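Here you go, one structure.
The letters A, B, C and D name the chains in turn, as written, and every chain counts its residues from 1.
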Amino acid sequence: MIAERHVNLALVLGLIVVPSWALAADEPFTITLATRAVILALAAVGLNIALGIGGLVSLGHAAFFGIGGYVMGILAYHAQTFTPLDLGAFSIAGTKAMPVIWLAAIVLSAFVAAVIGALSLRTSGVYFIMITLAFGQMFYYFAVSWRSYGGADGMSIYVRNSFPGLDTLVPIQFFALCLVLLGLVLYLNARLVRSRFGLALDAARQVPLRVRTVGLDPLRLKLAAFVLSGAVTGLAGALYADLNRFVSPAMFSWQFSGEIMVLVILGGTGRLFGPVLGAVVFVALEHFLGGLTDFWQIYLGIILLLIVLFARGGIIGLLCGKRGLHD
Amino acid sequence: MRKLFIAAALSALAGAAGAEVKVGMITTLSGGGAGLGIDVRDGFMLAIEQSGRDDIEVVIEDDQRKPGIAVQLADKMIQSDKVDVLTGIIWSNLAMAVVPAATAQGVFYLSPNAGPSQLAGAGCHPNYFNVAWQNDNLHEAAGAYANSAGYENSFLMAPNYPAGRDALTGYKRMFEGDLAGEVYTKLGQTDYAAEIAQIRASGADSVYFFLPGGMGISFLKQYANSGVEIPVVGPAFSFDQGILQAVGEAALGVVNTSQWSKDIDNPTNLAFVKAFQAEYGRLPSLYASQGFDTANLLLSALEKADPSDPDAFRAALMEADFDSTRGKFRFGPNHHPIQTIYARKVVKEGDVYTNKIIGVALKDHADAYADECKM
Amino acid sequence: MQAGAGPGVFRGPPRLQRDRTARHMSAILIVEQILNGLQFGVMLFLMAAGLTLIFGVMGLINLAHGSLYMIGAFVAAAVAGATGSFLLAMICALVAAAVAGAIVEIVVIRRLYAAEHLDQVLATFALILIFSEGTRWVFGSFPMYLEIPDYLSGAVTLPGGIQYPLYRVMLIGAGLAVGLGLWALIEHTRIGIRIRAGENDREMVAALGVDISRLYTLVFALGAALAGLSGAMVGAIQSVQVGMGEPVLILAFVVIVIGGIGSIRGALVGALLVGLTDTLGGVFLPELFKLFMAPAAATSVGSALASMSIYIVMSLVLIWRPTGLFGGRA
Amino acid sequence: MTEPVLETRNLSKRFGALTASDDISIDLRAGEIHAVIGPNGAGKTTLIHQICGELRPDAGEIRLLGQDVTRLGTAARARAGLGRTFQVSALAMEDTVLQNAVLGALGASGRPWGFWRPVLNDRALRTRAQEALHRVGLDEMMAAPCAALSHGQRRQLEVAVALTLQPRAFIMDEPMAGLGTEGSKRLTGLLDGLRAQAPILLVEHDMDAVFALADRISVLVYGRVIATGRVDEIRANPEVRQAYLGEDA
């Protein structure tokens, strides 16, 4: 067994070394791939707060990812066309500034997560899985029919949004930005796990009855986790939209919800770095298997299956053995 | 996802500085819509092979029909592979995600299929050429055909997404009769019983539908079995060689519009059909012909200029000096084809369902957006 | 921006006349649409029954159920193509899906019963990838051909002068017959008793000496057979293609969640509710909005709402009854 | 007489044809251990569930410190002063002993909304948890994962978590179940010392423990309280002997 922190360290080093090498070797696409992995990891870290710590199996997290994406798309669209964004009572100008977009994405997805969570947490188990899926689908179909912003086709943002002091169109700079955000969120996540809230939430997942018996409301804890989770995934959505300079309803699809969940489980549910490892492995598999055969998804399926069947606890579980978040 | 085809004699390249021209093909090779991408790829590669040129390297990648993947592949091909020309995208939404950014980076894009109106109009670009069509073309032709067939009251149906709305707009642009109804279905819908009931009740004398892929198969099968006898017209998408076999008898006799058909009588086309069949063991589809024409356009331009000289290369592309499977072929000012579109009828030849040209729907037709293109 | 914001070229004036829409709403049309909803619901029921049975007895979330539906359709298309017999195609589809189900259960699924829902979701998601691409590998990337046989094609005239496709009448009949058979199987046979016992208490069944793993394989194969059969039957009027199972799978999940997971009766009610909502919503919501909106806006708002309608229904049901209409456990 | 700490008035609960609680009125007074005994299926668990708020009674009232808590949820009743232990341990098995105790202290503090500072570094919570653990004799085991505890130690931890709440009344559901003689003895000693802090409503099967600890006993049969009284009164009650002890034999 390898200590979990060694795996984490290796992962962090890998995420720094590989893109640096790619920069030196003039392999910008490797950097793009790494950026994709980092952003997907961020989305999965978000889901992991609800799923891994809170025990909320949400099959609707694409809703938040999509909201983040569309916040970016809509704000940037209004900025690049110099049209105001009409919000009914008042209108605001679009923006191409990433920090503003991020903030808007976080706030809006947190708000939507609060609404969806409050309604969905009335249910549990499979019903929770399905009601979150239903909300995701509603957003999907809404985006498909939202003609002002491209409908099913989605919309392109021609120039990547800006961040003060950086040229975000340079792959390595955008990668660094995403990596820093991921690191920041992971740090906050690590603090959260050890905090009052983290302890209570973790107990609410394991024994909700106990949590009630000590005078806390597990549902409120879980709702808070769901909101945080949605906010992080929303941020990832805004970044993903910027990576592709494109948003489309596919960001809202249930398949994408499933994919983020796969990342979490693949790496190790509830582990701090589980989603990161899951995302890196997934992107790598997709890339390398795709080079081997047109039918690469068969092999991806087989690998996933083997991991579920024989490596409960994901890859980190396989490497490091069973252990909770606390150590 | 990645496949490397080194066209023609790979061994001839040994030790050389590598291929002189690099082409990136992003197309759909896995999942539901893979048939179209495979046909485009096979048609394209057939032409490259026939050319005998060994200095063209084609990098082929699967976009899985996901816009996000397509954008990343484009980034990769432009940044890492340093391709001169991109091609291959099937779907308009993927094209919209990829093309504007790619052409802005100085790469040429030759579209073998998708032709969204934005790229033909205000969003046109000197480096973007569409070898297939502007998306509205076949629908406009269908509207024109409906006029000539004497239809006066059409029922229109398309999925509720931009291409669907554009399709019906295209039909209405040419059609002079009345509309008995206009229905937008769910994207990916598989059951059309409700719509067929509306058609039955509408009093229409003709039905025009645009339902690409499996949607069209489902509709045609259900329609043929519904007892509704109102004649149907569609664009070629639902009647191409690939899916016609899946529709089967339900498609027999249906008129559809296409800029290509395997019975267009010119030597290039006859040779193409024969060669494609010999190479891949199946009849070529519309998409295969488009892939083939795209490659031949590229080859013709490469004869005259090198992509490293963009102005010359662009001019060479614009000349479209190649033998198209469609016969006469030229570009309009917005780099979209001005071409003849035929009305075809589905027939059975032996055991195989295929199309037969019954007439010309629109002659030398240019798209409606060219005026908006400023370049 | 580009998409959706169409260019200002000439577009045909909207010539759709409002008096025509009134004609759309005739009584016959309404009845016909209800029949369509019913038929859709019955097909969904076949899918949902297997899914809910598998969940009820084994506690398993099976995302790969849609793949068994697809297998049924492909096998039916292949057999019908080779032999020309529709009936044989249906039987083979049923058997093939059952066999595939049994194999999957023995090789993979039985290792998942003790696992969390999460692992089940991931494993069966992996199975979808394997089945979908595997099918494409075997049958190619193009849709397959499967057609209604002559003796079931064409339309019949129902009482009241409604013209309705014979095949769809047959689908409603066959679906209801299978449902009835399923009910009889569960209520009146020894296997049914064991299945019901298994739903209530797994340890108890095992303690009573029932070979629990054989029972599970059987139930899974039964569910698979139902999915395969409905795939094959629907394949004759839809496109037989890779990926056809997933949209149906999602709908089937919606159905069983509305009905209450594990409840066959709930699956029936849920299936009819979803079938009718989806069909009638798509037709009548745009018409409804036309009463107080401009036709173009009404069409777009109406169809947008229609595409969301079943999910709205489902979340309302769950908010009202968190374990579905007939559900007991989560 | 002063008002009882905890009291049920005419509590009734039916499940279909089965009457699980039939007009139950019992009370718990300051400083006492009040045991509720009864044969299996007598409705003891149903009674506890109603007192703690997991089940809502069909009729009747539950009062804690003179306040009607019948409509409150479990968490609110805990905040109002109910400290409860479970028959089947309800502990966060993936967490350590200390974390479980800190959770109790955290609940008592009523402020779980800290996202930044490590909870285990919080002096107030930690002290409270450690005191409780010390009280039940689990000081040595603080760092052990809960899953590594013996059955008896889990019972002790249950009590410790309840202690962190500094409750006004303890509700203990069969704390002796499954313990050996040694464990029983230890826990009996522990509970004996607790009554001074807060009275205990003790549902228990272990008659030795009941007779050793209880100040009063109520006997529940078929959802009804057939007798309430001091230990010797209950011992002597013929109805109890017949209905309860007779059946138990």
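In the analysis below, a contact is a pair of C-beta atoms (placed from the backbone, for glycine too) under 8 Å apart; a residue touches a chain by one contact, two chains touch by 3 or more.
Computed from a prediction, not measured in an experiment: that's the story for all the values here.
Participant: Counting C-beta pairs in contact, which chain pair has more, A-C or A-D?
Facilitator: A-C
Participant: Could you work out which chain's C-alpha centre is the most distant one from the centre of subunit A?
Facilitator: Farthest by centroid: D.
Participant: Can you check how far apart subunit B and subunit C are, centre to centre, with Cα atoms defining each centre and the answer in Å?
Facilitator: Measuring from centre to centre gives 33 Å for this pair.
Participant: So, what's the distance in Å between the C-alpha centres of subunit D and subunit A?
Facilitator: Roughly 43 Å separates the two chain centres.
Participant: Mind checking the centre-to-centre distance between subunit B and subunit D? Centres are C-alpha means, answer in whole Å.
Facilitator: Distance between chain centres, rounded to whole Å: 75 Å.
Participant: Which residue numbers or ranges of subunit B touch two or more of the other chains?
Facilitator: In subunit B, residues 30, 93, 96, 116, 160, 162 touch at least two other chains, as defined above.
Participant: By the touch rule stated above, which residues of subunit C touch at least two different other chains?
Facilitator: Residues 2-4, 132-133, 136, 300, 303-304, 307 of subunit C touch two or more partner chains.
Participant: Residues of subunit A touching 2+ other chains?
Facilitator: 144-145, 147, 150-151, 153-156, 295-297
Participant: Can you name every pair of chains that touch?
Facilitator: Result for touching pairs of chains: A-B, A-C, A-D, B-C.
Participant: Where on subunit D does subunit A make contact in their complex?
Facilitator: Touch list, subunit D to subunit A: 52-54, 73-76, 78-79, 84, 86, 90-96, 99-100, 102-104, 106-108, 110-120, 122, 125, 161, 164-165.
Participant: Considering only the defined contacts, which subunit A positions touch subunit C in the complex?
Facilitator: Residues in contact with subunit C: 51, 57, 59, 77, 80-81, 119-120, 122-131, 133-135, 137-138, 141-142, 144-151, 153-156, 254-255, 258, 261-262, 265-266, 269, 295-298, 300-302, 304-305, 308-309, 312.
Participant: Tell me, which parts of subunit A touch subunit D in their complex?
Facilitator: Interface residues on the subunit A side: 188, 191-192, 194-200, 202-203, 206-207, 209-217, 221, 224, 324, 326.
Participant: Which of the residues in subunit B come into contact with subunit C in the complex?
Facilitator: Contacts found on subunit B: 30-32, 34-35, 38, 93, 96, 116-119, 121-123, 160, 162, 165-166, 169, 172-173, 175, 178-182, 184-186, 188, 190-191, 193-194, 197-198, 200-203, 213-218, 221-222, 224-228, 242-243, 245-250, 368-369, 371-372.
Participant: Which residues of subunit C touch subunit A in their complex?
Facilitator: Answer in residue numbers: 1-5, 55, 61, 108, 111-112, 115, 117-119, 121-123, 125-130, 132-134, 136-137, 246, 250, 253-254, 257, 261, 300, 303-304, 307-308, 311-312, 314-315, 318-319, 322-324, 327, 329-330.
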